[in-house]
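Scrolling down, you'll hit the structures one after another.
Shared between the two complexes below is subunit A, which pairs with subunit B and subunit C, respectively.
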Partner chain A sequence: MNPFRRFWQTVYRSVFRVGIPKTNLGRAQAMVSSFLLHLHPAKVRRDSLRPTRTFGLGLITLYLFIILVVSGVLLMFHYVPSVERAYDSVRDLSFVVTAGVLLRNCHRWAAHLMVVAIVLHMARVFLMGAYKAPRQFNWGVGVGLFLLTLFLSFTGYLLPWDQLAFWAITVGTSIAAYAPGVGELTRFSLLGGNIVGQASLLRFYVLHVVVLPAAAILMIAVHLYRIRKDGGLAHPDEDQPTVEEGEAPPPQKSYGLMALTESSTPYVGRDPGKEVFAWPHLLIREVLLFVGTFSVVLLLAIFFDAPLEELANPIHPPNPAKAPWYFLALQELVAHSAFLGGVIIPGALVLALILLPYLDRRRVGIGRWFARERWLANGTFLLVLLALAILTVIATFFRGPNWDWVWPWAAGG
Partner chain B sequence: MSKSLPVVGQEPSPEGRSLKTGRKWRRRDFVLLVFGWIGTLGSLSAATLAGMRGLLPNLLDEPNQRFRAGKPEDYSDGSVAFLDEIRTFLIRKGDGFRAMSGICTHLGCTVNRADSGYRCPCHGSLFDEDGNVLSGPAPRALDSFGIAQARDGRLVIDRGRSVSPEEFLVVGSGGKGLEDRGGGEQA
Partner chain C sequence: MASLKSPPTEPRLPTLTFALLALALMVLVVAGFLREERREWRSYQESFRDLEIARGTTVEERRQARERPIELAQIVVPELDTVDRCISCHLGVDDATYAGAGQPFAYHPDHDVHPFERFGCTVCHAGQGRATSAREAHGDVPFWDRPMLPLDFVEASCGGCHDPSDNPAAPRLARGAELFEEAGCRGCHRLDGWGGGLAPDLDRQINGRPRSPEWLMQHFLDPAQVVPDSAMPRYGFSPDDAKALTLLMLSRRRPEVSGYHASRRILESAETGRRLFRAKGCIGCHQISGAGGEVGPPLDHVVTRRTEGWLVAHFREPRAVTPGTVMPDFDFTEAEAHSLILFLRRIHERTITVLDEPSPERRGEILFKRYGCRGCHGVDATGGVPNRNSESGEQVPSLIYVKEGYTRAELKDRIRIGVPKVGKLEPDGPEPPLAMPGFGDRLTEGQLDDLVSYLHSLYPAEDELDW
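Right after this comes the complex of A and B.
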């Protein structure tokens, strides 16, 4: 072997301990010998890979988050968090920065898509009863990630310092002020004062680019770790009343040493025939899903421009002043009562979500879509989703100036 | 580590018991435990509190509570002027002046003048001429602020002082009202 080739081999081996694996042993070794691959189990259940299982929604959410982090860091090179410069620096992306429009559009559409994806992901976990023991805690981590996603959107909204930004934050922080006891203090410390101004912009900026993403990255790490520690994805085999009511089965490893071989020896509790190697079966799906997600974001970014309204006018709100679509259900609720719609109802919903897996402990309908035994839980969940969807549609299409009811098909509506 | 620290899980000396196994508390174990916890929790919570308190601004870059609105003759009889800086309506009826907040008591949008009264564009709250809620989600009437006349005759709106909407400042025959102490207090 010539010396250059040998040197190259040494370097390559120092980075990638095992090359492209050719044997099953190699495939298993590959998964534990690299940091990124090590997030995966060596083997996964064949049925967990079926698209109709998860629709890849958790992964899509993860990819959107990664796209948001990368495009967000690039945006930070242009954006200035000052009330004098913020708006212009965002507008410059469209007129001065090469591919700046694309960057901004990517960030904006990925953010919207992430809200969609995370809601759908949550819905699929719910409708499959996958939050039950031993996954109660990971469901809770998920609720935390959901709230973080909403806060990230909310804080990001102020940054362009346009009319929508300014009044959405004025209204949003005023809702916080209705919380009993701590409300006024929360509002004051969020804004860094009594009104939306420079202090608020800086605070929201720091929250948006450092505090909340860091928290999200941590929680995503825990979330992914827990999926493996909880024995991979929920599957119908867990749906057995062998375990005593209310008692969590001990976490199973998602693979055992014996399962790495394709021997036909029966092996307690699991059937190697039901499992396949993560390399390549899981990895290829992950790569394809990323390519798909990224393509959708890029296509949206190429064909649709993220809106930028007029410069913020702290004296007069636009009329009507509408929040982004995923907060419109909330806006419709607070238009009836700020305390009930802005504090009590959202608070109760979040509390119900967190407590849910500790209250609903029947070991039925796990890992199956729309299990008939779970009609009550699933029905309730779908009803709440439907109610939120109806409120959103009303607020989007049936509300005109002064939040008056309008018929969208009527002239000028 | 100094020799006097108890070694957890071992018999340190014949006359005493270790923290882990002993049923008998020695004074120095107790002292160590109490001061250890006080020190740890105390320093952590002091640092946390200081860090958090630092996030509450001591100085605000916001308009003063007191706002000089100019001379009475700047406003014609029957006029309703909107003062941008403090988002407040200055209403003149005859020789009487009244200042009413334009900030909606629901969620802080700025209300607009409507045919009779005021309307909030954000969630549609409707207020009458005196700021009372006629309909909509606003929980209470628009605030009315005290007005005074300074020595030089100019009007000073004090947003720190709420008054009833019936209270008008009557100007004209001699400056009644409080002295303009200049500037204003911090909010």
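Right after this comes the complex of A and C.
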């Protein structure tokens, strides 16, 4: 071997300790010895890989977050958070910055998609009963991430400083003011004043690019860590463990290396057939999902431009002024009753979500879609989701000036 | 080499799906960048370069033309808060050899009045200066409310910086400003912070939802054409007057101006001089036509006694030319000093006076228009605006004959207090919708006198009365 090649081998080995694994031992070592991969188990349940188990929703949400961080950092090179220059700097993205529109479109659509993906991910976990012990806490972390996602989207909404942004935030923050006692204070400290202005823009900017992403990254780390520690994806065996003749009993934790690789235990070569090595079976699917997610975001970004209306004009409110779509259900509720719709209902829903795993403790229907035994829980959840969807549709299409009912086809122009 | 011991049931890897998706992603990335690559301004610059090469007469000229860089160009004017990239496509604007060339390469005449290196383009022409495609730059796109003004309306932009009454280059705009007061628009509409509240606030309107020149023209010719239920009467403006008013409205979409540009807003004119002469109270010390103080010398023919240079120096810094003078230093700018001299020349020629002295009837007429009386009592005070179920024939009464029914004192009271409750024609009928407000809080005693004089002057002369 020539010296150059040997040197290269040394460098390569120092970075990738295992290299491309060729044995089962290597496959396991590859996963545990790499910082980026070690959050994965060495082996995963074969049925967890079936697309219909999870539709990859959690991972898609994570990928969207990563796309958002990267595109967001790139946007930060151009954006100026001042009321005089914010709008022009966003306009200039399309006028003079190479691929600037594409970047902004990616960020915008990835943000919208992330709200959708995280809701679907929560629905998946709920409908599979996967929030039950030992995953109660991780469900709570997930609810926190959901709220963070909404808040991240909301704070980002103001930054372009156009009419859409200005009035959506004006409406959104006035919903916050309905909370008894702390409402006005929340609104005031969020805006840095009584109306949306320079102080609000700066606060939203700092929240959007530093505080909330940092919190989200921390919580995502905890969330992923807990997935591993809580035994990976929920599966039906958790309520009725089945062990086939001659097989090793399924490991308590999916990262129990001894149960997987060649060793001197009586079970060598007879490890649970339900499991396959994460390398390459899980990894290729993960990369595939990223390619797919990024493709969809790019596709949207190429064909649909993110909206940018006129410069924000505090003396000319649009009628109706609507909050961002993910808060429209809330706005519709507030239109009916400020206190009930703006405080009681959303507060109760969030509280119910967090407390849910501690209240619903029956060990049935875990890891199965729409388990018959869980018809009441699943039914309730779907009904609430449906109700929110209907409210959102009403607020989006059926509300005209002064929040009066209009038929979308009658509105004309 | 150890063989890979995979159980026979090892699932298959989704390599085909993976390959297809990866291919799709690559195509999308390429498509994304292609979408960005072809910027419209590039093709204009390329055709301009070709044109330059074709026009080159020597080898050297053609070589220079070929080396012309393809690059975005912009004029940044911090004081106007504009970034104008128009010259990225309009490449012949500063080259007189392109006079008569078609757009986008045509030469811009009168380059030296407002050199665009200093002023940019949009301050006069409007449009979206930052944009780099023709459609967006010309501004006729959604969410841009200052599209380019048609050439015929560019005069409006003069009003963004200059007072139209000082500006001989914007006669139609000046006419619009005059007409606005004369026709009494301010009686109902608020503009520049003051005016009546009956009709839409024009400051708000102009800053909120600016109207297009076409809309404004139509509005002045016949309000009902653009606002079907408009209460504004048809004033019968001529097309020229409608255009003048349109220019005035467009001129109020002014950009923020500061620094150098603000200092240049004073135009040198006798009118400016007269305004300064009155505003600074020169008459307190100097006499003109026998009126004024006697501390300083009379100024009727000062322009024949002093040179222009001396006068400018005197206005700029009195003590520099007359040590020990009591004349205060007014800190006049060069342009203001020249304006004062222009004014004093006209005084010498007796073609201008310090004050206008209109008759009481004329002052009353101006008040009648300014306070919007015409909105209800009709353009010629002949009444006729419908007022359902009012005792005066279901319309707002004519004022032509008030001299018969009221003494001066009675008439002043009536204007002061108004008619809070209009008598009904049918006692059981509905309340008449229009009632006259009292103007006592807005008019001084002297103004009331003027108004009454005007109203009395409406009474037809003896020989016009046909009983």
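The rule is simple: the second predicted complex is superposed on the first by the 388 of 413 C-alpha atoms of A that agree within 3 Å, B and C clash if a C-alpha of one lies under 4 Å from a C-alpha of the other, contacts with A are read in each partner's own complex, and residues count from 1 in each chain.
In this section, a residue touches a chain if its C-beta (ideal position, glycine included) is under 8 Å from a C-beta of that chain, and two chains touch if they have at least 3 such contacts.
Here the structure is a predicted model, which is why all the values come from computation and not from measurement.
Asks: Between subunit B and subunit C, whom does A:I175 touch in the aligned arrangement: first, second, both, or neither?
Replies: first
Asks: Per the contact definition in the header, classify A:P236: touching subunit B only (first), subunit C only (second), both, or neither.
Replies: A:P236 contacts neither subunit B nor subunit C.
Asks: Quick one: classify A:T23 as touching subunit B (first), subunit C (second), both or neither.
Replies: The answer is second: A:T23 touches subunit C but not subunit B.
Asks: In the superposed model, does subunit B or subunit C contact more residues of subunit A?
Replies: C
Asks: Classify the contacts of A:L308 with the two partner chains as first (subunit B alone), second (subunit C alone), both, or neither.
Replies: Second partner only.
Asks: Regarding the shared-chain residue A:P324, is it in contact with subunit B (first), subunit C (second), both, or neither?
Replies: A:P324 contacts neither subunit B nor subunit C.
Asks: Between subunit B (first) and subunit C (second), which does A:G183 come into contact with in this model arrangement: first, second, both, or neither?
Replies: neither
Asks: Kindly classify A:D88 by the partners it touches after superposition: subunit B alone (first), subunit C alone (second), both, or neither?
Replies: After superposition on chain A, A:D88 lies in contact with subunit C alone.
Asks: Tell me the contact category for A:P346 with respect to subunit B and subunit C: first, second, both or neither.
Replies: Touch status of A:P346: no partner.
Asks: Scan A:H316 for contacts with subunit B and subunit C and give back first, second, both or neither.
Replies: both
Asks: Do any residues of subunit A touch both subunit B and subunit C, and if so, which are they?
Replies: Residues common to the subunit A contacts of subunit C and of subunit B are 315-316, listed in rising order.
Asks: For the complex, which residues does subunit A have touching subunit C?
Replies: Result: residues 22-24, 46, 49, 84, 88, 91-92, 95-96, 98-102, 162-163, 273, 276, 280-281, 284-285, 287-288, 291-292, 294-295, 298-299, 301-302, 308-310, 313, 315-316 of subunit A touch subunit C.
Asks: Quick one: in the complex, what on subunit B touches subunit A?
Replies: 55-57, 60-62, 84, 87, 106-110, 112, 119-124, 137, 139, 187
Asks: Please give the residue numbers of subunit C that touch subunit A in the complex, ascending.
Replies: On the subunit C side, the touching residues are 1-2, 4-5, 7, 9-11, 13-15, 17-18, 21-22, 24-25, 28-29, 31-33, 35-36, 72, 81, 83, 85, 130-132, 136, 143-145, 204, 207-209.
Asks: Sort out for me which residues of subunit A touch subunit B in the complex.
Replies: Spelled out, the residues of subunit A in touch with subunit B are 167, 170-171, 174-175, 188-189, 192-195, 197-199, 315-321, 331, 334-339, 401-404.
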